[in-house]
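Both of the next two complexes hold chain A, though its partner changes from chain B to chain C.
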Partner chain A sequence: MKVFRHAFALLAALSCLLLGLPASAQLNVEIYGAGADRIPITIADFGDESAMQGDDKLTGIIRKDLELSGMFRMISQGTLPAVEGTVPDYAAWRGQGADALVVGSLSRNPNGMVDVRFRLYDVTRTSELLSLKLSVAANQKRALAHHIANKIYEKLVGQPGIFATRIAYVEKVGNRYQLLVADFDGENAVPALLSAEPIMSPTWSPDGKQIAYVSFEKKKPIVYVATLATGRRITLANYKGSNSAPAWSPDGRRLALTLTKDGLSQIYIVNADGSGLRRLTSSNGIDTEPRWSPDGSSIYFTSDRGGSPQIYRASVDNGNAQRLSFAGAYNVTPRISPDGKTLVYVSRNNGRFQITMMDLASQQTQVLTDSDRDESPSFAPDGRTILYATEVGGRGVLSVVSTDGRTRYRLNNRAGDVREPTWGPFEK
Partner chain B sequence: MEHTFQRPEPGKWASAVFSFAMHALLLGALFWGVQWQSRPPEPVSVELVRAMPASTPPTVERQPEPEARVETPPPRPEPKPVEEKAPEPRPAPKPDIALKEPEKKKPEPKREPPKPEPEKKVEKKPEPKPEPKPVEKKEEPKPPMSDLDKMLARENQRVREVKNRAIQDQQTADLNAKLDAAANAASMGRAQADWVHRISQKVRSNLILPPGTTGNPKLVFRLQILPTGEILGEPKLVSNTGNAALEEAVRRAILKSSPLPKPEKNEVFQRDLNFNFFPMQND
Partner chain C sequence: MKYSLIATATLAAMLAACSTTPTAPVEEKAPVAAAPAAAAAKPAAVTAGDPFADADALNKIPLLQKRSIYFEFDSFAIPLDYVSIIEAHSKYLKANAGAKVLIQGNTDERGSREYNLALGQKRADAVKSNLTLLGVKESQVEAVSLGEEKPKATGHDEAAWTENRRADLVYGN
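== the complex of A and B ==
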């Protein structure tokens, strides 16, 4: 074998010489930075889109999803034909400026379902990236659109898309409060809970099946855990005084929360069934708004133990805490990114309450928003998109900003006063 | 059972011979391949510190005459014995000199007076053979010199000067060539730098970073292009960053940039390119 390898190496060297390819003759080109930030894509109208129920178009939802991500720029189809099952004229699409092309068709099948075919083409590489065929119910248009948008995003960006994730938020209409669960874009909102008393601090369980929240329905704050599919709920914490700010551990088996049963607000940890309560922090200030680190080893929270409300991190094992925020006199509501590297929180800057981001490694901070009354930031599972509530004209609205500044938009489809948004996990 | 351990080896010797022949062939090809390998001229930077030696060739048309005379004497006395040796050495120097002889004649126009000399020499030359010998040996004329010797010495001197002149001319030509090459290399260098810059700009304009790119990654891609600038096949990732999305984004930017800009001078074209990406740095 050795001899063979030897001979092969010799042969390779020989062929190099004979072909006149000097091994070192390579021209170096240095490329700094990146000049573009959106992928140009054409989502052609699908064949027979009327097969799905509802007014808005399937492809319209796909386009909007991709645009909201801040990663895509829509290129109009123009007059080019885009028929599912026919190889596209790559050169023509390229000439129109599209890097990628999506074509598809819908048709009703005898079972009353809708057969969907769609293909994603890489115009640059002149190849088909994806071909899918599925059957869905005729009223599943939004779910279908989000699913297709996810597939496109994953293929072209290389990361999972958040288009099929859900958000929860609290809406106050008149004197009534409801906990709503909606698509990531705020559409398709379904009430999970109705109450005549305030609902606060909803948070998703890591598997997305349950929501913990605080309700004042018994005239005092009590923490409940509701299972979305069944509507069944348990009382997680109903101790003397205030029970508030629940947060799930990454494995979903425990929750951290804030209780005043021993006097001042302090952080406690309890099992998901309400058993095994233990106190985590023991300070002479107010400790609240806990959030579990992704590795489960520590808890981020707000405390005024140092004189002003600031952000701290405590070990889950012993409660020993360390201060993280130093700039400014008011930094509250810490939320840690899914990769554990970035912290966002609300800071007061010159009297304005704004969403601020901190890179934990470098301690560098950056204000992400330009509004005055921001609250309740919440990371999407992609770790770059942040949902938060702000106030416009005295009414709470939901807004989205990305950590890289690529996207920024408002979910303004609700008539009521909207607060306390929380982004759910990736769909399982 | 034994035969299971001694498996037949048909063609053992044939394959050994073949292997040997093959290796010999490969080594031979390798040797000649190295011999053939022609290296591209390396850019040479030359600093001009003084003017180049002027090369003004003096022009004289007199030459034929003296030479004719030099030749004539020997043949007369000994046509037969000398013929074989004498004619041969002389014609040989002539062609060498011939190219540049015109230049030499000028410095020594005095030869004309000695014209009568040949006749004397003929008389004195009872033995023709000495003649060829002194011509070769007489680099430095010895004190007792006959006229012929003097003439030969002069001729020798002339030959030497011609040679020196030739060498000088050659050096001047070489220097000129090097200067030309340097100037050429400088303009090639500019053309290449310009080409590299335009490639870099185009690829950069097509690069879309995936969200959440952090740190200061460096990616190296190797690719081959056609003279039209078209990229051949897929760019090959040389260094691994562990960030698949970033790698794919960079690969996509490279492919989208096909065809790459062409160089203004075809001579600077290179088919093998190394792309070094620093996506989080801004030059």
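== the complex of A and C ==
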């Protein structure tokens, strides 16, 4: 715990320096297909955007958020005026190709906050869909932009947006490792842990308040659980041998993990405070990388009990397991979608390690990526998007692919070697 | 030459032991018999004459200076080329009851980090079980995995991957 606190104190000083360097965000979005089903939308520049601190424009972040979802096509405002509070010239906006329009304004209020007003219009039906007023601090621009993007997304797509969710990942800089927590787009990265030894397998608690991870700081893998708000942490598992691969149960009360205390790597279940350890699997091979099904009744995992690493599913009650992957000699790192219907994992295809998706009902599989060093897939909480690690030019980078394979982008705003990404839950 | 002969003898013994229950003490007679012969050749031999009991054996005996075992991709099977090295270390550990060895299993960087952590453990365990099969005490050997987290070769090509698919024997103090 002291080490952790110390790391925080040190990083408070270091982070400005570290994070100041790679500030330029360059998200290159690749979108495949005709895009006929993407919603054409104009996000007009808001009145007095300079009321918020920082160089990026608020509306620029909103546009980028919506573009990253792959569900929207941005239509330029052109020369049309957009004044918040006045009825828009629907015909003119429609003439430029927009089906939806967002207009807003910012203004500093007497107590130093910024008042925000924005409206969302359905241009084809000539109606106002949404009107919102809120007051925020001038330095909360990114949070505000993600909030507005969520409102637009939810209204037009009919599902919750992921723009205010967070991701965590590990960055290696020289011989140092840090666990970073960032916005969903990789921006605003804040260190949660600094270590001279490797950090692995971070994973969010279902309430987004804690992260379980593996650290080698005591020269062997030990599983810790850190509370983000306070920096406090507990040792979840420090048994003889290796302790690794933590995974939270959907209710957050238990974790599955991999231990070698009884010999081979096997899966165990433990209460979130480290008590009540019990063994789940008993095989004559490696069992690791557990992940709970959303209903909490079963655990997906990797096992080489059949001679090569494959994906299995075991009952939480009795550990009885069933094999799920059959094609190829290397299928690892299973991750189940939030609705429990889709499995993604890493498969080796002709020497290339790629993200593969399986529809559990039909057992049909599809390779989602065309890179060759993919690792650690992680579903966004809406189940539409997968974050994963890959390698470009000998350096680890984070990439995102949609489950329909049509939208891809890379989070290339870090200078270091990044890996082990994990997508947090919807914000509460 | 002497060592390779001993190694061959013990390799045969080891393979024989593998097919049945590991009753190592019987097989041990082969190397033990070789030691007095070596001592007889040197009339001025100071102590017992077992070169593996020498306090400086780790620095003197070539096979003991070899402390890495290399593996194939996704494999934890010890290639037969390395049996003589493991056999030499078993003799050293048996002759020096106070000595302890840490076996660190490593993997190349490809594939899952967690699976590689487990695979590195299997590699370390494979070396450990060969040592204990040869009569080394369980308490003298600890097997741990570093997975792909501590690569010795930092490149991203076949040469680096080959170097990193490895178990190291690390002697403490």
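Simple rule for what comes next: the second predicted complex is superposed on the first by the 393 of 428 C-alpha atoms of A that agree within 3 Å, B and C clash if a C-alpha of one lies under 4 Å from a C-alpha of the other, contacts with A are read in each partner's own complex, and residues count from 1 in each chain.
Here is the rule we go by: contacts are C-beta pairs under 8 Å (C-beta built on N, C-alpha and C of every residue); 3 or more make two chains touch, one makes a residue touch a chain.
It should be emphasised that the depicted structure is a prediction, and the values quoted were computed from it without experimental measurement.
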Mind working out whether A:R406 is in touch with chain B, chain C, both or neither, as first, second, both or neither? first
Based on the superposed arrangement, let me know which partner A:S325 touches: chain B (first), chain C (second), both, or neither? neither
For A:R384, select first, second, both or neither according to whether it touches chain B, chain C, the two together, or no partner. first
A:R348 contacts which: chain B (first), chain C (second), both, neither? second
For A:D99, using the defined touch cut-off, is the partner it touches chain B, chain C, both, or neither? Pick first, second, both or neither. first
Which partner chains sit in contact with A:P221 here, chain B, chain C, both or neither? Use first/second/both/neither. second
Answer with first, second, both or neither: which of chain B and chain C does A:P309 touch in the superposed model? second
Which residues of chain A are in contact with chain B in one complex and with chain C in the other? none
Enumerate the contact residues on chain A facing chain B in the complex. 7, 10-11, 13-14, 17-18, 20-22, 25-39, 70-71, 99, 124-125, 157-159, 341, 382-384, 402-404, 406
Note: in the complex, chain A contacts chain C through residues 198, 200-201, 216, 220-221, 241-242, 244-245, 258, 260, 263-265, 286, 288-289, 302, 308-309, 329-330, 332-333, 346, 348, 353, 373, 375-376, 391, 394, 419-420
Okay, in this complex, where on chain C does chain A touch? 74, 110-115, 117-119, 121-122, 125, 143-147, 149-150, 156
Under the stated contact criterion, what part of chain B meets chain A in this complex? 22-23, 26, 29-30, 33-34, 36-37, 40, 192, 196, 199-200, 203-212, 214, 222, 244-246, 248-249, 252-253, 255-256, 270, 272-283
